[in-house]
Structures are given as structure tokens and as C-alpha cells.
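After this come two complexes, each holding chain A, first together with chain B and then together with chain C.
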Partner chain A sequence: MRPRKMGTWALFGALVLAGSLGLAACGGDDSGDSDTNGGDNGAAAAKGGIYRVGTTDFGFNGGFDPSGEYLGWAWDLYSNLLTRQLTGYRHTEGAAGVELVPDVAESIPEPTDNGTTWTFTLKKGVMFGPPVNREVTSKDYVTAFERIGTESVVAQYGFYYSDIVGMKEFKEGTSKTISGITTPDDHTIVFKTTKPIGDFGYRLAMPATGPMPAEVTDCFTKAGEYGRYVISSGPYMIKGSDKLDATSCKTMKPISGFNPTKQLSMVRNPNYDAATDSTEQREALPDGFEFIINTNQKDIFDKIEAGEYEDSVDAVPPDVARRYSTDDALKDRLKSFTDDSTNYIYMNLGEAPFDDVNVRKAVNFVMDKDALRRAWGGPLYGEIGTHIAPPTLYPGSTEFDGYDPYASENNAGDLAKAQEAMKASAYDTDKDGSCDAGSCSGVLFLNRSIDPFVKMSPVIRESLAKIGIKVQVRELPTGPAYETSGNVSNRIQIGANARWGKDYPDASTFMVLFDGRNILATGNSNYALTGMTAAQAKEFKVPYPKGGVPTVDADIDTCAAAIGDERAACWVALDKKLMEEVVPWVPYMFGKNTDLLGPAVTKWDFDQFSGEAAYAHVAVDPSKQK
Partner chain B sequence: MTGHIRPFPPDDPRGGPHAHPCTHEPGRTALTTAPVTGGEEPIGIEPATVPGVQARTPWQLFLMRFRRDRLAMASLVFIGLLVVLAFAAPLIAGISGHDPNQLFRQMTDDFGLPKGPNGSFWFGADASGRDVLVRIAYGTRVSLIVGVVATSVAVVIGVTLGLIAGYRGGILDTLISRTADIVLSLPLLLFAIGIVTACGSSREGCFGGAVKPGLMLVIIVIALFSWPYVAKIVRGAVLSLREREFVEASRSVGAGDLTIMFREILPNLISVIIVYASLLVPQNILFEAYLSFLGLGVPDSTPSWGRMISDASGIFDVAWWLMLFPGIFLLLTVLAFNLLGDGLRDALDPKADR
Partner chain C sequence: MGRYIVRRLLWTVLVVVLVTLLTFVIFFVLPKGDPATRFAGKSPTPELIQEVKESLGLDKSVPEQYGLFLKRLVTGDEYGWPGLGKSFQNKQPVRPELIQRAQVTITLIIGGALLWLAIGIPVGVISALRRGSVLDRVSMGTALFFVSAPVFWLGLLSLYVFWKQLGWLPGTGYVSFGASPGTWFSHMLLPWMVLALLFAAIYARVVRGNMIDVMTEDYIRTARAKGLSERRVVMKHELRTGITPVITLLAIDLGVLVGGTIVTETVFNLQGLGNWLLIAAQNNDLPVTLAVTVLVAAAVSILSLVADILYAVLDPRVRYQ
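== the complex of A and B ==
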């Protein structure tokens, strides 16, 4: 139910990104308008107090080891509180929050050697927290990349770094070092890549690349182990870090402030020097943070209301949201921000009746998107989706303002237009606007068996029935549903079990889902099978439609190689082509993250990068806490 | 059932359980396997010797005792009404004008929360805007079908295997009894989750397309886990019955095993089977509700009480009607079947203390 679990979505499609990324636009909008939501409750935001957050489950999928952890909320913790990467974000809402800014790096350099060499200069005086107590040097960043290249650590998004010169050799063990990463001195680090990677700066903001003290991390080479020993380079450290005996691997016991089944406590890192940071990125106002597991979700929101917690990681249940949003005294404590995810229904381009683009268009026209959004809780939980990648990923573009090729009144579906589209299909033999071919009965529809997904099944079933498509609903728990849709031979015809979120703010992180070369027999995330070739169909032992399957592989390659404004325009054009010509999806909602704040919260912001609360910019008033 | 419990003639001077070697023991209930001796039952055993007392067949006795049990009678009436409701579901849908799967936009608000009972939605609507009353009526069908069909399947399998195990003994007994033990020690819900997941993940279903998720799979899963109870009880009863004189006698006149099992022993087990089945029905109705609650039951297009309660679980403090009405129906139905079972047992087994 946590709307933003990167791992869950990205994991399955992740393996694919490598070849698809070119130069990114690093310019962006320079509003500098952070803290748009500061000072909510009128009280002045001051230092001090403990910020307490309830969650039903941490949900970590990499043991909280920054090298492997792929959960959005974990990225939020690292980048706001715990570790400092070379580059970072302002941890604020909107376009300003997804603009790349330097963090430990003095500045973001322009690449040289035709875009293949990146030289970063590190700030002086950035310190590791206890018990390491020394300056962060360029070598500590090299250690991070060596961990990414160490198979036993399981760096889940390590594919983003496979184009660094020498990474392959290091992984294979033929080289003890990564030849493409050099450190001329303690405050300089040089990356060489095998080809131009324009968005390399974004990849250096991801937590796996943060500084790692080898004296500690060398002791932990198995997946997730280091998660209990994460050494701070940010404003906070895990409580009890100072008690860690790092004199040898044998003397180290897990840091007491982190119990994966109960609580994660953070206190100030005494070695943090705010002069090396900017308040625009981190204000670090509370004296500490407590992230508490409370399996009773209702109790979490009762405690927030009573002032016993300040916030939650779980989405606000719709009934609580309704009460708050209709009460003027409570309204301001309910927050809802787009988290750059797309919820979509996919259609299998290789299977009748969805191998006909007219049928896919008809499905887009007839779908009651408003009812689907109500299944999620209504407008607070998302904007109606009208294209593939969320608008935030096209910064500065107005191309999608008011864009909706399948518009309908109140977004409830347009039956007349759907029937018109259906009439153009061979599956509607009597041309009455309703599918009458045999392949329109018993259509296999896959969904998750958990709330709120289950609430969408009746909507989708009833919407499709209007154009003669009769589905048989299959509902499975989240994991099995992903495995089932990711197995091509299962021949799922249409499904609503998927969502996708960005890894970093570039539309490429969505378009990889349509790359035909990425289709895998199992663990596939191109559920629509866009770009599947006859040869692939044969390999997967699935039928290949007579009319073929549309492909956008060439467009993806073109856009990935483009830079600057051209790149943005290219992705926009591809998004529209997918919506109007290929039509593999019904994107029904751009997701929003909801937060409920306790009465003691005096300052709060949303982190557009992680899609969660910006803990670097929150403040509490301890006198209002219970 | 009257066909199997052969009443001995009331005017038969030899009236007594062992009068005819080949006659089954009337009035005996196999709930206990202790030998029944003649004259133990004061009513109807020797009617001829008590002047002024009307002679009654065991069926009459059963009816008389059962009718005196007001709770059981009330339960029977309630179950009768449920059957009527199940058949009349389309009628209710027709009168209200609400199809069980029709989504009414006006019955949910902007937060996707359902609206409560009103003039045209007597039991309110669910989170998708569907009429709860109409869905409860249709849900009656699922509960009754699962309860009765799964129980029947379990009873047929259980009785057959129990008879064979008890009567033949030896390797067959070991095989059947241990299989029953194994099935009973399977983690039932985990197994159900596994099998439903396996059958739901591909287009064909599972077991080569023989089984698809839905009502049939639910019935199969429930029957699979219910038959061992029946088999064990039947086996225990047969073990003592097969040593009895009437079985010996039957064998001595040349009856085959099948004849003895099904013509001689089985009729003596009828009452225990009836009682046990009647108690298995509510258990299986609940089992279906559990499976549906976990999203493993019938598909969403088929209304089910368990699934309705599951849908209510997240929002029941703002939508009490979602939990209350299906909950009451489930409670009353299970209660009614249980009370009916108790009543049947009491009426069939006059020795049991009330």
C-alpha cells in the first residue's frame, strides 16, 4: 500500500536500462523556490525536538544497505539525513526538487572527451560520523563503486554504472580496481565512461554511490549486511553509532539504534559541519528522528492526530483523508503531492483482441478512469493519467497541458467514441461497436488481490463489457502477480497489477518499458510486449499476430542519444506516439503521495526526488508533542 | 433415509434388534459403537407389550423428537428462507433495478467511500457503488452451493474410503488412514493459497486446464480438506460393526464384500453421516468465507459474503453496513446449520443427554 516502492516496480525492468540512456538535459528551471510548504501551522520553525514517524513496515528490499537498497523511502532517508552523494537534490516539492545540484561535489562539471570524462572536485571538511571520525575523501566514493561491482553485495541498480570503463573487468575479477575511476588526490575523482552518458550526474545522486568507509564496509560483503552498520556522512547518524567498535571486523555488533523489525532511531552526527552543506538542501532542524514500526495502521493515524507521531510512511487511508480535508481546522495537516509514478493498465500487443490497435483505442476511450481513481481514494491520491511518463519528467514543457487523446466527460469514459473505434476493428464483425469475435470472451485479466487494486476489478470488468470484451478476473498477491505478468508464456491479455515510478528525473526511466529488446521470458516488465519480433515470439512459444507488433526501439535509441531541449522534445514526441499510434497502455493515474502531519509539525516539505516527506526540511515544536 | 433404516413391523412379536439376523438394527445410532442390546430403548421397542401406547416407526420417532426441538425447527425454517432467497435473488435485483455488478456512481463519494442505506439501497452500497442487499442475496447462492456441494463431495469420498478402510483393514486401511492423516496435517490455508495461486497464474488454469480459479476450485479445495474427518469417523464405526452378528450372518449366506459394506453396514451409519454432514456444512460455508476474505475464493463478479466482509475490513468504521449485513447473514446461516445439526443428532440419538 505504500505508493512509492521503487524496488517493487523497478526491480523487474531494471536490468534493461543500460543501453538506452544518452545525454540528459541538465539545465532545468532555476526558480530556487524551495520551502514552498514551510511554516504550515503558523508557528516558527525552530531547531530541536524528535520527529517521530509511524509505519506498518519498513519494507526494505536490500537490508538498508545503500549499495543494494531499492526502496524509495530508503533513498529518502539516505539523501535527506544519512549519507551525502557527489550530487543531490534540494529535497523540495516540484520542479525545483528534481533539479540536480552539487552535494559533496563543489559543482557539477561539464563532461569532457566528447562527454565521456567527468571530473568532480570534492568539498573539504565533510566528515564521517562516529566511530570513523575522519574526512570523506574521493577514495570513499571509489569504495562505493567497488561495492557496486561486487556481486555478493547485490547492487540492485548496478546496471546504471556498467558503462564506466573497467567496471566489467572489475566485476569479472580480472582487475582489482575499476580503471575508469581515478583519484588524483583526496578531493578529486575522475570517471571515464565507455560512451557519452549525459545523465551521468543523476546517477551519481543515487544512494549506492555515496561515500563508504572501507575500514567498515570491507567487513560486509554479503547482500544487506552493511545495512546494520551504515556510517553517516550526513547531518544525522543511526543512534548508537558512537558505540560501534570498529577496531576490527570481529568486534562490530549491529548499531543499536536500528532494529529492522521495530525501530530506526537517528540522532545528530557530531561531525557534521553545516558549512559544507546548504540549507537549501538540508536544514536539519530536529535533534533526532524515530521511525517506528506499528503494525496497526489505524493506530498510526490515531497517534498522529493525538500528537504522538508527527508523520507516517503509509498512505493516508481515504476515510481519514476525507475527515481531514472536510474540516477547516485540520485541512492544513493533510498533504498530497504527485510522486512521479504512473498507474496503468497494460494490453498484450501479441494477443487477440488487443493485437488490433482499434480495440486498444476503444479500451482507452471506454475506461472509467474517474472510477479507477476513486478506487484509490479520489483526487487526493492521483491526477487522471493521460500519457505515459508523469508531467514532472518533462520539466518546462507545456506539451502535455490539457493533453488527452481519449478525453471523456468527467473522465468516466466515452462509450460513443469507444464504439466508433471498435467498429473499425476486425473483431467487431457486425460493426455495432461491440466486439463479437470469440477472442473477446474469457479475456484473461490479471490484478493484485490487495486493496485498493481489487477495487478496480469491477470497474475494469464493467467498462470492458460495454464494448463486448468479457474478462475473466485473476487476482493474485503482489509478488505472484508480478511474476505472473512477467512470464511471457503465461499470455496475460490485460492487467492492472502494475505501477511504475522514476529512478531519477528523466523520461528514459519510463520509456525502457517499451523497448522490444528488453523483453525477457521471465522477469519481463514490458508487459505489453511492445516491439516483440516474430523470432522472440517463437522463442517464448507465444503466437505472433499476422499484422505484427508495433515497435518504438528506433525512437528510444534516437531520444537516448539526444541532448538538451532536443532530448526533452524527443521523449515528448515518443510519449505521444505511444499514446496515439501504439497504444500499449491505459495510463489512468499519475500517483500522489499522501501525508498526515501531527499538531507539533511546524515545518514540512515534500521531496520530489524520492516521492516521500523531505525530512531534511521538517521541524517540530516539542511543546505540542505527546 | 427411510429406505435404509428398515423399520421392523410393530406387531412383530419377535420385535427386537436381533430378531432377524439379516435385519439392520433399527433405532440404533452409530454415534456410539457400543453394542445395543434389545429393550434398552423404552419407546417403541416393545410396543405390543404396553397397551394403549401407539406404535411408531423410527422415522416417526425421529420426526416427533425433532419437532419438539424448537431451535432446530427455527433453524430449518431459516434455512428454508435462505434457499428461497438464493432462488429469488434475480427477483430482488429486478425489483430494485440494481444488477449485482452494476456500479452506481451516486453511491460513492469523491474519496471512493460508499454511501449508507437509503430508500433504494436498503443495505447501502459497497466501495464500488454496488447494492449490498442484492449482492447478499446472490451471495446466499455461493454459500449454500459451496456448503452443500463441497460437503456432499466430502461425504461421498469420506464414506467410501472410510468403509473400505474399516471393513477391509490391512494395507488398504493403512494407506487410506495415513493419507487422511497427511491431508489433515497439511497447513490448510497455506495449501489453499498455493493451489489458488498456481491455478490463477496462467490462462489454462492448472492440472492441464481441468481446474480454473472460481467456484469449482473452492469446492475442490474444501472437499479435499473435509473428507478425512468423515472417513475417520466412518472407519471407526465400521471397525466395530463388521464384527457384529448380522454381518457374520450375511457373510454366512454368501453375501459379497460390496453387498455387506453398502447394504448391511452403510445403512447403520446413516444417522452418524447425516449428523456429521449437517455440522460440516456450516464449517464449509465459513471456509469459503475465509478463502474469499483472503481473495482466494470466487471471482469478484460472483458476490460472496466472505469477500464482502473482506472489502469492509478497511473502512468499517465509516461504512458499518458493509460489515454488518453480510456478517449477520453469515452468522445466522452458520448458526442455523449448527443448531439444525444438533437437533438432528438429538433426534437421531435419543441416548444423548440434552
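== the complex of A and C ==
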């Protein structure tokens, strides 16, 4: 899923920081990490009040229709507040927050038939909110999968379900049902897959699979349309849902509590029965939520400070974070948690000089990762990255404790080791540790033109110059930068515009980035072109190096089919192989999510699944609100 | 005059068509890549990209898409007339949002314009009449300050002083007039002032310059020689001629501001057209970009026409064929 916005309000952010209000620029020397556990924020948590959250932009990319929406924060809203999937999470921080637990399912079953059949029993008494007002049945989950299989709905992560038996035929229109999903009764649903899928349970926790009442969703078959009509199965509903006239498609008007460019208001779902849920997953303490668009990011944090908002979706600006983290009276209100994203520099394995693994190793050795992290705002914004998938995706594993194949003092880069690596490269003709072939100059380096990415460009340029690589910097806004790097024919040699977050807590959601079979001419996300074949290079009209391009496709297949401990060990081994043998990236930082809480917040937690605030476990004291 | 107006209106239509064509070309030509990939998730499949293309109408050729856009603009679509389609980003119809946001922006512009005219013209006139005096120097110095001061800085500073420190005015946000006229006014006061200060400063300098030019004209000397009172000379002759160019300036400014109050709207969280255009441009949201562009082009063209007509009314020397 798309991680939250970092440093939005790009046009003005730098100006504001440089402006007259005396705010320091980013990149300070935060030495302490203000990580504090979630839990209470002082006063006793109680029910009641409205929890208000500011954001510069909702950023929904699928119209808030659960079938197509692919934004991390939207998933946070669905799974904490609005919809209940068969499986789910505890909505808390750390390892406990990424352990799969049953939600509407009575339990998480062991797959049968060699891992290809999953049979779930649904809890009784789970109800849809108004105006549907009936029990959620197994058929409502089938409806969700039928929407995923409906092309016009544009389910952005529908590929996770393409291995369900019959999904292909349903999608192509040769079958009216998905044969691999059956409902023997209202409380039983059976999934058959074409091959064992070790992480299928995680995939069923994704919001697109939540229950959907066909009597409403059948009216909305175009991308994003259902987003204004989402029917609740969770503790809250969109304000005004009870006024929705669902007697026919023509009588339905968008639910009043959601205006995609202004506000999303939620109130309690009167049909929600807490007995069908657990407080471990959802406490549902506030009486409602207000998510408010405020285009002035500075104003959002001023309002939090003044008690007019409780929280923000936007990352806390570094100057604000620094002020709170260094003030004993305020630092409890600043939260910072790893959000399971990796910020990385990618190198194009098909382009000189990065088609030589020794050059790629040299780049890893020389990169000043600490300076890159300072560009983001310091330790509050991330841990130094030393491998591909963040550590949370390897729960219980100690394999990455202290792991850093390119370690350097203070993470500032090790020029001597970089030069040693470069000497082994064909691009260092005189073996002095500096890249000196013609292709070492004018190297096309792509980055984003917004803060904090622009602050990284000089760091990267100078680090690379130390080993003789002279880059030509090209900075573009976020969208065009992604489009440019995703177009193979652009032949971007090295780039820092990318960051990646998990879809669910399994390393597979990172390893897809190295699957050569996924390389597309446009819209490609395997920017390093790991695993590209000569035939693909010909198709994309790009050069193919004489030595070939390393592939890990077989490793990915092996790991994807594994389950349990074997699966975890397999991904760990692949992560290390990528870091030490293939070396497509310089992973410089495991991202963190920072949150600033208002004075009225009495309980708060972080949702490790979504990488956002765990709204299921927040509480507010109305007497302290303004 | 009638023929002139008709000709100018036809010219307006041509301008709108050309501007939309240019916007289309920029959208499809400048960013090297497939716009559909931006709305197909982070790891799209070719099938998904195709689904997105079909969903957004990007599966058709660019000329076809442009033709369809013009057709819908003229004949309307399922969301009414003019047909502006759905936003690529949030999948919502553009037309109702455009109407809603236009109200906010127009409120901002009109309120701001009244303020800047009320401040700028008198200051310019007085400065011209007291040329070289302390009052003139202070006025023009202040004007120079506000012309130079970035709007975002003025906005943030005014919020800091009047909302955060003094608590005299509510902070950011927009409340509709219908919901509460008093709250509407209190929320709009700071944005009006911030927008007005920049333009008042410009207008004061323009009016002052024009007035000084006019004051040296022969007919002014003649008017004085005829024994007209100083008040009559200033009000009837100098001021009338001196502020005439302001009308053209005002018309163009108002038109441009229809989509150009980006900073003021962003700082004060007024979800108007400028702020919307900024977000749309960042997200490659073509339907929204086109809708605001059409409106701005039409507004600039029509307001220019109005200015030209007013010009003719105010200045007897000007006649249009």
C-alpha cells in the first residue's frame, strides 16, 4: 500500500521553513529517539468525545472504495473503524501488531489439500450498519471478491487473489461465479487456490476482502463509486449512513458525512455488537471521529498544540518534532514508530557502471546514510537501513541483529572499503579505487523535487563523487518521478525517489520488487531491473549487459510456497543474498511514522499493520478539547 | 459596439479551446510516461493498467479524448452542463465540486478586491497630490513593503498574531454565509486583508504614477486656468483619467485570481479553485486541471471584455468598431 505522505505541501514547505518564524531547517542532530510505547497519555481513558484529525489531503487513490483503495491510511480507517475482514490484527505496535488474528472468522484455520483449501467459520451476530441493518453472511464476502474480479471496479491489488480457483474465468466473463469460493451456509466460506499460498491468511485481512452488501454495492460498478456509500460492519459508520435511502440505486445519494475534498465524519454504528469483537482489537472509545482537510500543514500542528485537533495524518515537521522531543513536558505527546517501510537508492543492473556488482558494492560502502537520515529529520524519522525488508517483517528472527554488510563508522560511509570494492570493478581501469571509465561520468540520477528528497541529492552526489561516479541530477515532482523511473526506456541509472511499504506483514511484499517477471515497460516498480532477461531488454529497447543480469526469481518462488518457520528463514536468506550478491539497492533508512498528539488525548496506540495511528485504541478527554 | 462584443465573445471561445488544447498537450506530452500508471497502484500488472485506462478514458487516442472533452463541455455529461467528467484522483464528478469551490474563491476575490480598491486608490491619489511629502514617502514605502512581502509569510504572520496570540479572529477554514454570516465574515477577514494588502500596494503605486502623469497634462492646466476649483480639477479630470487604467488592471487581476489565489487559499485552508488546481497539477488529475483552466481562461477573457467596454464608457476618446 502507499505509505503516508511525508513532507507534503511541497510547494510551500521549504519556504515556510526558511521563512520568518524562526523555524530551524531540517536535518538537525537529533540524538535521541523519542519512541515511547503507545498506551495512555496521562489521564484515564474513557468513552466519549470526538477524536479530530487534520490532514492536508486525504490522498485516496481509489475514491475510498475498499475494493480499489490502496492508501495505507485508508486501510487504517477501514480496519480500525469501518469494516471487518475475516482475519485482522490487534491494531497495536510492534510484533503483537502484525500477528494475524481472527476478526469475523471464529479462528484462523490450517489449510488443507496441500495448502490449497481454506475453510472459515464466521461469527454470528456481526451486523451491517444502517441502512442495511442485517447480519453479515458468508455471501457478503463473496460479493467482495466478485467486485475484486470486476474490471471496471479497478481493484488495485486484485493480483493478490488471482490464484483463487475460478477468479480468472470470472474476470474474463466466462463464469458468473468464482468457482473457488463456496458458501455451504451463511456462516461458512471455503476458498480453493490453484497453488499453496503461505500468506493467504494475511491477504484475507486486506480491506478489499471485507464484507459488502450486494444490495448496495451492485449499484456501484465503476472505480471509486462505492467510496461515498461504504456500509459499515465495524464499530463506526460514516455520519449520515442512516439517512441513505437504499431502496433503489436511483434513490441513493452520497452519504453526507464524507466529502472527499473536505471532511470525513464517523459516528458509532448502532448495530455494532462489541461481543462479536475483542477489546484487544477494537476498544472503540470515542463517540466519533472527524477527519478534516486543512491545506495549511503548519496550521494543523498549531491546532494540535492548541487542543483544536487531536492528531494529524501528515508527518510531524522536523522543527516541531525537535521542539517536542527536547521538552520534558511535551515529549510524551510525540510518538515515533517504525512503519515498515524502506527508503532506498536503486541502481539499474542493466546500465553501466551499475551492471558491475563491485560498483554497486562500492556505492553501498561509500554512501553517507547518516547524512541521508538527517535530511529526513534525524532518528525520529527512521532507523539506518541495512537490508531490504524492515525487521518487523521477520518477527522473532535474530538474523538481522547487528547485520550490516556495508557497515561504517557512524554510518557515514567507508571510503577505504568502497575503493577496495571499486578496484575489483572493470570500470576502474587504473585500479586506484575510483571509477574512471567513460560511463562513470554523466550518470543519470533521478530524485524527487520535494523536501526532504531534495536535501538528499547533494549527499548522494558527493558520496558518489568520492569513488569517481559523477552524476547528472534530475529532480521531478513525486508523481512524474515515479512515472519516469517506472518507464524502463528512460534508462534511469540510479535513483532515490523511491520508498516502499509493506502490504501485509510478510517479506514477500518487498521481494516482488526483484521479480524479473514483473518488469513492465511502463508502471514498473522493479527499478533496478533485477532479473531482466535479454528478451525483455530487447522488448523494452534497452541494452542488455554482456555479463547478464542476476535473477532471484527461483528464490522468490521457493519462499512464496513455503509456510511457517521455513518461509521466514527463506525470506531472510533471500534478503541477505540480495544485499551481498545481487546488490540492487542501497537501503538507507527504515522509515518511521511520527505523530503529535493534542492535550486532550488520553490513550493512543500505533497500528503496526497500517503504519498509522491505531484509531481502534485512542481515547479523548472532551473537557480538554477546544 | 454590439458587433465588437460578439466578436470578442467568439474570440473568448477560441481562447478557451486553445487553452484546453494546450493543457491537453502539456498533460500528454511533457511527462514522459503513461498517466494511467499513476492510478494503478504501486505494483500494477499490464491488465490493471489497461483497466485504469478504460476507467479514465485514457484507452482512446489523444485527439479522440480531446474531441470527447470538447463534446462533453458543449453538450454536458451525466453530471450536468457543462460536462467536466470525473476526477482521476478521487473519482468524484468535477462539476459540483467546481461550483462549490468557485463560490469560495469568488468570495475571497470580491472581498479582497473591494478592500484593495478602498485602500489602494485613496492612498495613490493622496500620494500623488502630496508628492514628495512625508505622507507620500511613508505610503509608498509601506506599499513597497507589501508588494515585496510574500503572501504566505503575511498569511502565517497574520494567523500568528490575530489567532494564536491575540485570539481576536478564528483561525483557518471556511464557513458558508448561509451557515452563519458572522462566522463567515470573521473567517474571511484575514484572507481578504492579506490578499488586499499586496494588491492595494500595487494599485496605490499605479494610481499614484498615473495621477502624476495626468497632473502635468495641458488640459489640467487649462482646467485650472478656467478657474475650476481644485477639488473639481482633481475629482472630475485628474482622478477620472488617472484611474482608468486601473479598470484594465482590475479586470485582468480578477480573472487571473480565479485560479491564482493558491497561496492565500492554502494558508487559510480555503478550499477554493487555486488550491484545487495545485493539488490536481501535482497529481496529474487532468479533468480537474482542465475544468479550472477553462474557467480561468473564460474569466480572464470575459473580464477583459468588460474592462474594455467600461474603458470606452469612462474615456470618451476610446471607441470600438
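In the analysis below, the second predicted complex is superposed on the first by the 587 of 626 C-alpha atoms of A that agree within 3 Å, B and C clash if a C-alpha of one lies under 4 Å from a C-alpha of the other, contacts with A are read in each partner's own complex, and residues count from 1 in each chain.
Here is the rule we use: a residue touches a chain if its C-beta (ideal position, glycine included) is under 8 Å from a C-beta of that chain, and two chains touch if they have at least 3 such contacts.
Only a predicted model underlies this, so the values are computations on that prediction, with no experimental measurement involved.
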Contacts of A:242 with chain B and chain C, given as first, second, both or neither: neither
First (chain B), second (chain C), both or neither touched by A:260: second
Which of chain B and chain C A:480 touches, first, second, both or neither: both
Which of chain B and chain C A:223 touches, first, second, both or neither: second
Which partner reaches more residues of chain A (counting touched residues only), chain B or chain C: C
Which superposed partner A:451 touches (first chain B, second chain C, both, neither): first
Contacts of A:490 with chain B and chain C, given as first, second, both or neither: both
Partner chain in contact with A:321 - chain B first, chain C second, else both or neither: first
Touching partner for A:377 - first (chain B), second (chain C), both, neither: first
Touched partner set for A:436, first chain B, second chain C, both or neither: neither
Contact residues common to both interfaces of chain A (with chain B and with chain C): 477, 480, 483-484, 487, 490
Of chain A, residues touching chain B in the complex: 317-319, 321-322, 371, 373-380, 412, 444, 449-452, 454-455, 457-459, 461-462, 472-477, 480, 483-484, 487, 489-492
Chain A residues within the chain C interface of the complex: 1-2, 9-12, 15-16, 19-21, 57-58, 60-65, 70, 151-152, 154, 156-159, 222-225, 227-228, 260-262, 293-296, 298-299, 302-303, 306, 308, 477-480, 482-484, 486-487, 490, 500, 512-513, 518, 520, 522-523, 525
Chain B residues within the chain A interface of the complex: 101-103, 105, 108-113, 127-128, 130, 197, 200-203, 212-213, 294-296, 299-301, 311, 314-315, 317-318
Chain C to chain A touching residues, read off their complex: 31-46, 48-49, 51-52, 54-55, 89-92, 97, 101, 150, 152-153, 156-157, 159-160, 164, 171-173, 262-263, 265-271, 275-276, 278-279, 282-284
